[in-house]
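Every chain is named by a letter (A, B and C) in the order it is written, and numbering of its residues begins at 1.
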Amino acid sequence: MIDIKDLSIVFGSGRLRVEAVKGLDFHVEEGEAFGLVGESGSGKSTVLRAICGLAPIARGSISINGNKVTEPRGRQFYSTVQMVFQDPYGSLHPRQTIDRILSEPLSIHGQRDQDLRIVAALEEVGLGPAYRFRYPHQLSGGQRQRVAIARALILNPKIVLLDEPTSALDASVQAEILNLLERLRTERGLTYILVSHDLAVVTHLCRRLLVMRNGEMAELTDSSTLRRGQPASAYTRELIRATQGFARAKALSAVPRRICGKAADPLNSAEHMHSGGKNTRPRSP
Amino acid sequence: MTQRSLLEVEDLRVRFHLRTGLVEAVRGVSFKVGKERLGIVGESGSGKSQTARALLGLTPPPGEVLANRLTFDGIDLLAASRRTLRALRGGRMAMVMQDPKYSLNPVMTLGAQMVETYLAHTRAGIREAKEKALAMLEAVRLRDPERVFSLYPHEASGGMGQRAMIAMMLITDPDFLIADEPTSALDVTVQQEVLRILDALVDERGMGLIFISHDLRLVSSFCDRVLVMYGGKVMEELATGNLSDAQHPYTRGLMNCLPAISGSAHPLPTLERDPEWAR
Amino acid sequence: MGNLATSSRRGRLRKWLTTNEPISRGQARLGSAYRSWLAFSRNPLAMLGLIIVLALIIIAIFADQIATPSPVVGGDLRTERLQPPGENHWLGTDNQARDIFSRLVHGSRLTLMVVMLVTVIAMPIGLLIGTVAGYMGGWVDAVLMRITDIFLAFPRLILALAFVAALGPGIVNAVIAIAITSWPPYARIARAETLTIRNSDFVLAVRLQGASPFRIITRHIVPLCIPSVIIRVTLDMAGIILTAAGLGFLGLGAQPPTPEWGAMIAAGRQFIIDYWWVATMPGIAIFVVSLGFNLLGDGLRDVLDPKAEK
């Protein structure tokens, strides 16, 4: 369904040139939920943005159903591929009612029966018609994310790109949204690409997943391997450990009280600085 | 952890008089904290952040703070003058916010902000303040303190910014630190680093810490005691690491609805809220 | 009895308007308009602004009925010149023995025309240029903003003078000239607003539905820019009225004896010490009207932002 070959994405030029994604390959089957995991700056969201035309492709190719994507993407593309954004507070227009937000894609694609379809779309994501004429600020975060999902599905796409769909939500709401996404996928035979920093969320929803680091593939694995605790790379192991909460080391080096010298700290290795320093990268142009 | 408690809170209430009526964000919270790590967990709207703000006298304007007792080291925080409060805040009590990007002044270097904080609370000279700032940056394990000192907030990564923020808050040697979601905006691996720093600070300096987060797993693995809040009230208090002993259905529900790498139910159990809890 | 029936019908209408679950788009739209009106009417200053502006409109429409003395032809120059406010002439007379009240009332038509023409011409131009420049970026932005800068670089009166010189003197031409010279600040504001929202997720989401740039700008970005531009326009109103007066004073705007407020101040200037009312009355009129527009603009901004509805 989705073929990504040797994909590289570059922002800026000259001294500011940043290669956000470097030669990435992966393939997503029809009806599959595929996960992209990584920390900020790993390029995982950039891959999603490149698929739907929000980030420039520097090298390599993206094909949907065997056809290379065109530049710019046509209307046909957008009725096949839709996206759900991370922040439900930012992805809905603040001055438009839910009705207006949901009717916009239908008007753009010149489709009829707007009334029926809007009510049906709301119904499908578990919101009654009572929500139809409200403004986004009158809804909770979870309800907004449901509206965003309804908007993505109202054109009946085959592929839905999910960019951290639950990371701005409370744990209990996250469970509801994950269940909703799972139900919609089985009911409609959708293909998902789920981007998340949370390994637990990805392994819950996806069978196969790609761990990314610094714009490159760290590991292509599947959820059952992780469930057995047998990741191939040390980085994935570190991620797994980090998601399980704080591990208090027994013999931790003391924090220097009042130091003036430059004592080297074993914990402050170059690697840790590196992973933190990636945040300064531009996420999108 | 049996020393006398630094902070004592009894029946804390935070109210907002809005045009639509009275909204009570915190409804009768009581706890004591000594030189230990107290975790407060709850979902958005549970009143956990308002509790923290009330402790520091940072409740936003229409809000009103009531308590039977709200003392820090014997000082009554509700009766204290603004001057005393100001001296306490940033001096003996400090707060670390969620996102360093929004809580740091964008047009001042990190170092200048630290020096300013120090000078505001001590009678030290600039040179001493600078030395102190560099020492603090090193204490939070920033590799190149001199460089970080001269960076502007936007030039620092999330992890660096948050460490600098902690360094800034600790420069006055506070006895008490309130951390409101200090690691939520950070990557998981960086999060571990920051937690390790906070952890060591409590152990080494004998500081009291209130750690506020929505992440039950993280808080319970990090803190000595955990308060679980819902609807402005404390649902239950847990001793550390004993998440599985949680009695309250709310805590259990919160735990169960988290997916786990080791496998989770499909669909995930969702949290059924009982209106009785918020009574 | 009848009273009761109407009041219950009114109650039902209010219920229909304020329901949380409107059935149709029409009802939802009327309901939100009604709620906006409620929010607006709760703001006393905004209501004061609205009353002033409505009064201006009514006075302009019924000028002939309200003020019967001719605003153009004065009375007896020997006995009725420069009379203080009194029974016969509420606001006194000017040096041509014309009734100042009458001139003010008839001048409201000109003021209203100035205000409307400027809004109708300058606001859309500024909004369009600003949003297009901000959204498209790149060379489009560079070209449009340099043109804006060129317009901004000239003092407004000088530029308006040049336009009037080309178009010919007269109040309509003066107003057109002012409108053409007053759009640059609006374009700047619209561009700044656009830059903050062009990369927001809700704009990206519409882009991902296949919307054209034109559709995104007109239907999603412009509505968010309008409030700040409205504020700026209402703040500019006083300046615009005064610029029109300045042109009139230079003989390029309203031609005497047209009762234009700014021209009246200019004419009353020479008598300000001995006959204060001649210049003061139109001054108060300009002050009240600009205040009205400012208050109305402030109130509108609050209502146009649904987040402030609470």
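One rule holds for everything that comes next: a contact is a pair of C-beta atoms (placed from the backbone, for glycine too) under 8 Å apart; a residue touches a chain by one contact, two chains touch by 3 or more.
Here the structure is a predicted model, which means the values were calculated and not measured.
Counting C-beta pairs in contact across A-C and across A-B gives the higher total for A-B.
Among the remaining chains, C is positioned farthest from subunit A, on the basis of C-alpha centroids. Rounded to a whole number, the gap between the C-alpha centres of subunit A and subunit C is 47 angstrom.
Distance from the subunit A centre to the subunit B centre is 29 Å, each centre being the mean of its Cα atoms. With touch defined as above, subunit B holds no residue shared between interfaces to two or more other chains.
Taken residue by residue, subunit A touches two or more other chains at no position, since every residue touches fewer.
Taken in their complex, subunit C has these residues touching subunit A: 20-22, 25, 28, 31-32, 199-202, 204-211, 215, 219-220, 223-224, 304-307. By the touch criterion stated above, subunit B contacts subunit A in their complex at residues 43-44, 131, 135, 138-139, 141-143, 155-160, 187-193, 195-197, 199-201, 204-205, 214-218, 220-222, 253-254, 257-264, 266-271. For subunit A in complex with subunit B, the residues that touch the partner chain are 39-40, 141, 170-176, 178-179, 182-183, 197, 199-201, 203-204, 226-227, 229, 238-240, 242-249, 252, 254-260, 262-263, 265, 267-268, 270, 272-273, 275-280. Contact residues on subunit A toward subunit C in their complex (touch as defined above): 52-54, 73-75, 77-79, 82-83, 85-87, 90-95, 97, 99, 104-105, 108-109, 129-130, 132-135, 137, 148, 151, 155, 284.
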